[in-house]
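Structure provided below as structure tokens; questions to follow.
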Amino acid sequence: MKNISIILILSLVLIMVSPLLAQKKNQITITGSTTVLPIAQAAAEAFMDKNSVNISVRGGGSGVGVAALINKTCTIANSSRPMKAKEITTAKSAGVNPTGYAVANDGITMVVHKTNTVKNLTIKQIKDIYTGKISNWNQVGGPNMPIVIVSRDVASGTFEVFNEKVLGGAKVIDSAMMLASNNACATTVGDTPGAIAYIGLGYVTDKTKIVTVENVMPTVATIKSGEYKIARKLYMYTNGKATGDVARFLNFIFSDKGQKLVEDQGFISVK
Amino acid sequence: MVTNQIQTLKLNLWFGNNHVLHDVSMGVTEKKITAMIGPSGCGKSTLLRTFNRMNDLIDETRISGKVLLDGEDIYRSKADVTNLRTRVGMVFQKPNPFPKSIFNNVAFGMAVQGKFNRSQIEDRVEKSLRDAWLWDEVKDRLNESAMSLSGGQQQRLCIARALANNPEVLLLDEPTSALDPQSTSKIEELCLELKNMVTILIVTHNIAQAGRISDYIAFMYLGELVEFGETNKVFTVPQDKRTEAYLTGVFG
Amino acid sequence: MNTYKEKLFKALTYTASLFVIIFLFGIIYSIFREGLPILKVVKLQDFIFGSAWYPTHEIPEFGIWTLIIGSVYVTLGALVVALPLGLGSAVYISEVASPRMREIAKPIIELLAAIPSVIYGLFGMAFLAPAVRQWFNLPTGLNVFTSSIILGIMVIPIIASMSEDALSTVPKALRESSLALGATKWETIVRVVVPAAKRGIIGSTLIGFGRAIGETMVVLMVAGGSAKIPSSIFHSTRPMTSAIAAEMGETVVGDLHYQSLFAIAIVLFLITFATNIFTEIVFLKRSAR
Amino acid sequence: MTYRRLKSHIGINLLRLCLAVTALFLIAFLFRIFSKGLSVISWQFLTTPPKNSMTAGGIYPALVGTFWLTVTSIGIAFPLGIMTAIWLNAYGKPAWLVRIIRISINTLAGVPSIIYGLFGMALFVNMLRFDVSIIAGALTLAVLALPMIINASEEALKSVPVDFRDASLALGATKRQTIMRVLIPTALPNILTGTIISIGRVAGETAPIMFTAATFYSRRLPNGIFDEVMALPYHIYALMTEGTKAESQVPIAYGTAVVLLMLVLSISATAIIIRYRIRKKRKW
């Protein structure tokens, strides 16, 4: 009986491993940063209306996107930051040659509740708020109200940009709420009078108010010119230079129509 | 006329649409043993359970007529059921001690009443266990689980548990049907002893047992009280054909 | 021919049974394989008892004590809500309610136990959290309090259903003899029925505990996510499960952060495993009696 | 005396209050979900893919995705589960192996769903290179459903009276024939109800498929088991936390929640009704 059993187990394992030999399906898979997700989703939707390609769009996070690209399990990896040197090395050693395309500009916007009277913050003030040195809005010219700090997960691409441009490596005070997505941050600020958060420009809602940074409003002009300090580019990475359907898809995003979609989602065109 | 300790007057009882007791009128004499006999399903257990209102627990029970205990209707609207049940104790067919210690089983009734101190409870527990002829067997292990006792001991524990409430009446619902012959005879002897203290009503399937221990006998058939009288009279000259048939084993 | 079929059939079922072990081993192997290497970088006591969770900083710190405490707070809060309500409901349904009501209530409770947790999360995020913020005039409704209530509501059907099962196995004779001894209904419930069903009730609580501490979606959506030991029930927190779910997507496969999240999974696994063994002991004792 | 009665009265009303509060919580919860979600649901909602950056359109791909995930996972777990139950019930030797298997079943049943997710990700997605796909998610869910199905099947097999088995063996049937022709047919209704309940559970799980099967947006229906899919529970989570148009996404999340809720509740209700019928009909 033991022999039969071993044979059975082996054959089941074989069946389970057989997909390794199977041909990968013919479709475009996009995965990665949740910030780039809406752009990818909208573009995929519009692209599929005109073309017979199937595109599947998944979130996860910039790290997941890059990892999937390295594992060759996705066609396009979204990232809200440039790939790290370490990641590029790993990719190269796995035979993957990541090629980046900046598809949109994004201002990381400081938002507060719509009833908050504070209009402007300096980068120093923002840093002090997030490190806990400033804890009440009246210290920055606002109402007497404790500040509720809303931050993205320290692992997110958005956080990394914020960390680089504002915090300079200082630690966010541990009482900050660490939310998993831009959307959650926006919703929380919209519901919380004392809250402040940094989110992608596209996620600003009616219930939240944009605060100018160093007296610069995040707009198309200020972000493109670099006048607005907390800005970044959003990337799509492919393995090697894009070809075929993938190239056509990327071209579509860079077309006027594609960049219009980018702006519809609240981001800023790269053109 | 002798006043009976328990008296039922035209007692009728229904479970839903099922008419279980028909116009039962019967009196129970104090400090005597009254045995209730009859074939299965004749209503003798139901009648027994009306005396401490255990039938209240069954849904859709309806009752008409009266049940008097010491002249008071126990079904009157303001009657205190829990108080009634301390006055009328009951022992069931299968021994059913609580999963507690022997001591706590016997002390249960007093504990829930909450008006006794520790030494009163201890005294009463000892007395009840002695009265139930169990003391010598368990006095060294009062804190052991009651589940560790044998079936006969468990049933005597249940009797002790009922006695601890100082009841006036003790209802025994086929108390020996789940026991072996030795335990059975011990409980029968115990009953004869106990009747000096309490009035005993016993439901039994065992005609011989009824003959051995009872002073009065009630024969029930299809929800009716067919015959009631002193035991030796009923056994020697039954008034009703059905009683005679039952006693001689024609049906049962 | 016939014996060959018999043998094959037996071997088939035997093999299938082995898969349970294989799967369990697979789970243990995969989380330990991915998670244990973190201990090469962080000492075990620093990992468990360190209270700084900065997995992505230049000099990362991996201390999950705040996450453990977050899980414990939220779970205890859930039990504070669910235990009295679940047990009370079970006792009512089993001891007081009419048979017809019992027949209706029992399946409804079982149905409620099947509601997916993400729907509770949606309810908490879109309705209860804003409401809690307004009622108590708080900076945020995404906190220990709200998550405890939602988790509690989620666990009530589990506790109620299993406790009711335990109560209904208490023999009717025990209730009758207690009443016949002159105890009131309440005294019968408190002194006889509930003690007799004690083990089943404890078992149901332990299972509720396991469910609450392992629940992911509700805390991910409702707990707020601060990696700080909450000093009040109205502060937000980051239980272990939500840290794993929220951060796993952002890690690079195989890096320290990735390993640390698997290590959290090991801790979580050990906690639930211990709870399980404890439950087992409780139930085993009962069947031995 | 009156004090004791009063206490009893208060106590019982306290219990009643517990039930009332529980009911109130659950009614408020269900009412909120249904009142917000029912208006969103239409034929179109059920049969079209999401549109306008997930702010309009329907949930068709998610519905289909959940269907495939559930069917595939139960398809894997059911035969394994029932055979394990047969072995435990009918063969069950050596005893030490039975004990190890039982411990494994109980441990598996208590493992938090997020750990299943990590396991699925580490083993199926990364090690076996299944990628994020139906098969990776379904295998993960199958492992999750397995202990439930084994337990239900074993209970069902145990409830078949020994007399039936003895009678069959006494008539000269082999062990296998007895199992296949007497044990299984008699226990089947109960086995099925147990399985249906686990289907409801599997259909509603989010954490195990987050990293193994679910995708945010896909219009096409899956071509095979190596495609990734949208799924109802994950769709609710994604709508609440991703995307740029929160206001217009929350109603869709509620609508999806109602669909998922109705699906899961009707599946479980079917099981409960069947079980109730069996109990009423059963003569032994």
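Per-chain numbering from 1; labels A, B, C and D assigned in written order.
Going forward, a contact is a pair of C-beta atoms (placed from the backbone, for glycine too) under 8 Å apart; a residue touches a chain by one contact, two chains touch by 3 or more.
Nothing here was measured: the structure is a model prediction, and the numbers come from that model.
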- Query: Among all the other chains, which ones are in touch with both subunit B and subunit D?
  - Reply: C
- Query: What is the shortest path, in steps, from subunit A to subunit B when you may only step between chains that touch?
  - Reply: 2
- Message: Between B-C and C-D, which chain pair shares more contacting C-beta pairs?
- Response: C-D
- Message: I'd like the most central chain, judged by C-alpha centroids against the all-protein C-alpha centroid.
- Response: C
- How big is the gap, in whole Å, between where the Cα atoms of subunit B centre and where those of subunit C centre? 49
- Note on the structure: Chain-centre distance (mean CA atoms) for subunit C and subunit D, in whole Å, is 17
- Note on the structure: Whole-Å distance, C-alpha centre of subunit A to that of subunit C, is 33
- Message: Touching at least two other chains at once: which residues of subunit A meet that condition?
- Response: 59-60, 71, 180, 187
- Quick one: which residues in subunit D touch 2 or more of the other chains? 4-5, 126, 211, 240-241
- Note on the structure: For subunit B, residue numbers touching 2 or more other chains are 82-83, 112-113
- Message: Judged by the touch rule stated earlier, which pairs of chains are there in contact?
- Response: A-C, A-D, B-C, B-D, C-D
- Task: Sort out for me which residues of subunit C touch subunit A in the complex.
- Result: 7-8, 10-12, 14-15, 18, 22, 52-58, 66, 125, 129-130, 133, 139-142, 220, 224-228, 235-236, 238, 245-247, 249-253, 257
- Message: Per the contact definition, I'd like the list of subunit D residues that touch subunit B in the complex.
- Response: 1, 4-5
- Query: Which residues, counting only subunit C, touch subunit D once they are in their complex?
  - Reply: 2, 5-6, 9-10, 12-17, 19-21, 23-24, 26-27, 30-31, 33-34, 84-89, 91-93, 95-96, 105, 107, 110-112, 114-123, 125-127, 153, 156, 160, 184-187, 189-190, 207, 210, 213-217, 220-221, 241, 244-245, 248-249, 253, 261-262, 265, 268-269, 272-273, 275-276, 279-280
- Message: Touching residues of subunit A toward subunit D in the complex: what are they?
- Response: 16-17, 19-20, 22, 24-25, 27, 29, 31, 34, 37-38, 41-42, 44-45, 48, 54-60, 71, 73, 180-184, 186-187, 190, 200, 202-203, 205-206, 264-266
- Report the residues of subunit D in contact with subunit C in the complex, numbered from low to high. 4-5, 7-12, 14-19, 21-22, 25-26, 29, 32-33, 36, 79-80, 83-84, 86-88, 90-91, 97, 100-101, 104-108, 110-119, 121-123, 126-127, 143, 146-147, 150, 174-176, 179, 197, 200-201, 203-207, 210-211, 233-234, 236-237, 240-241, 250, 253-254, 257, 260-261, 264-265, 267-269, 272, 276
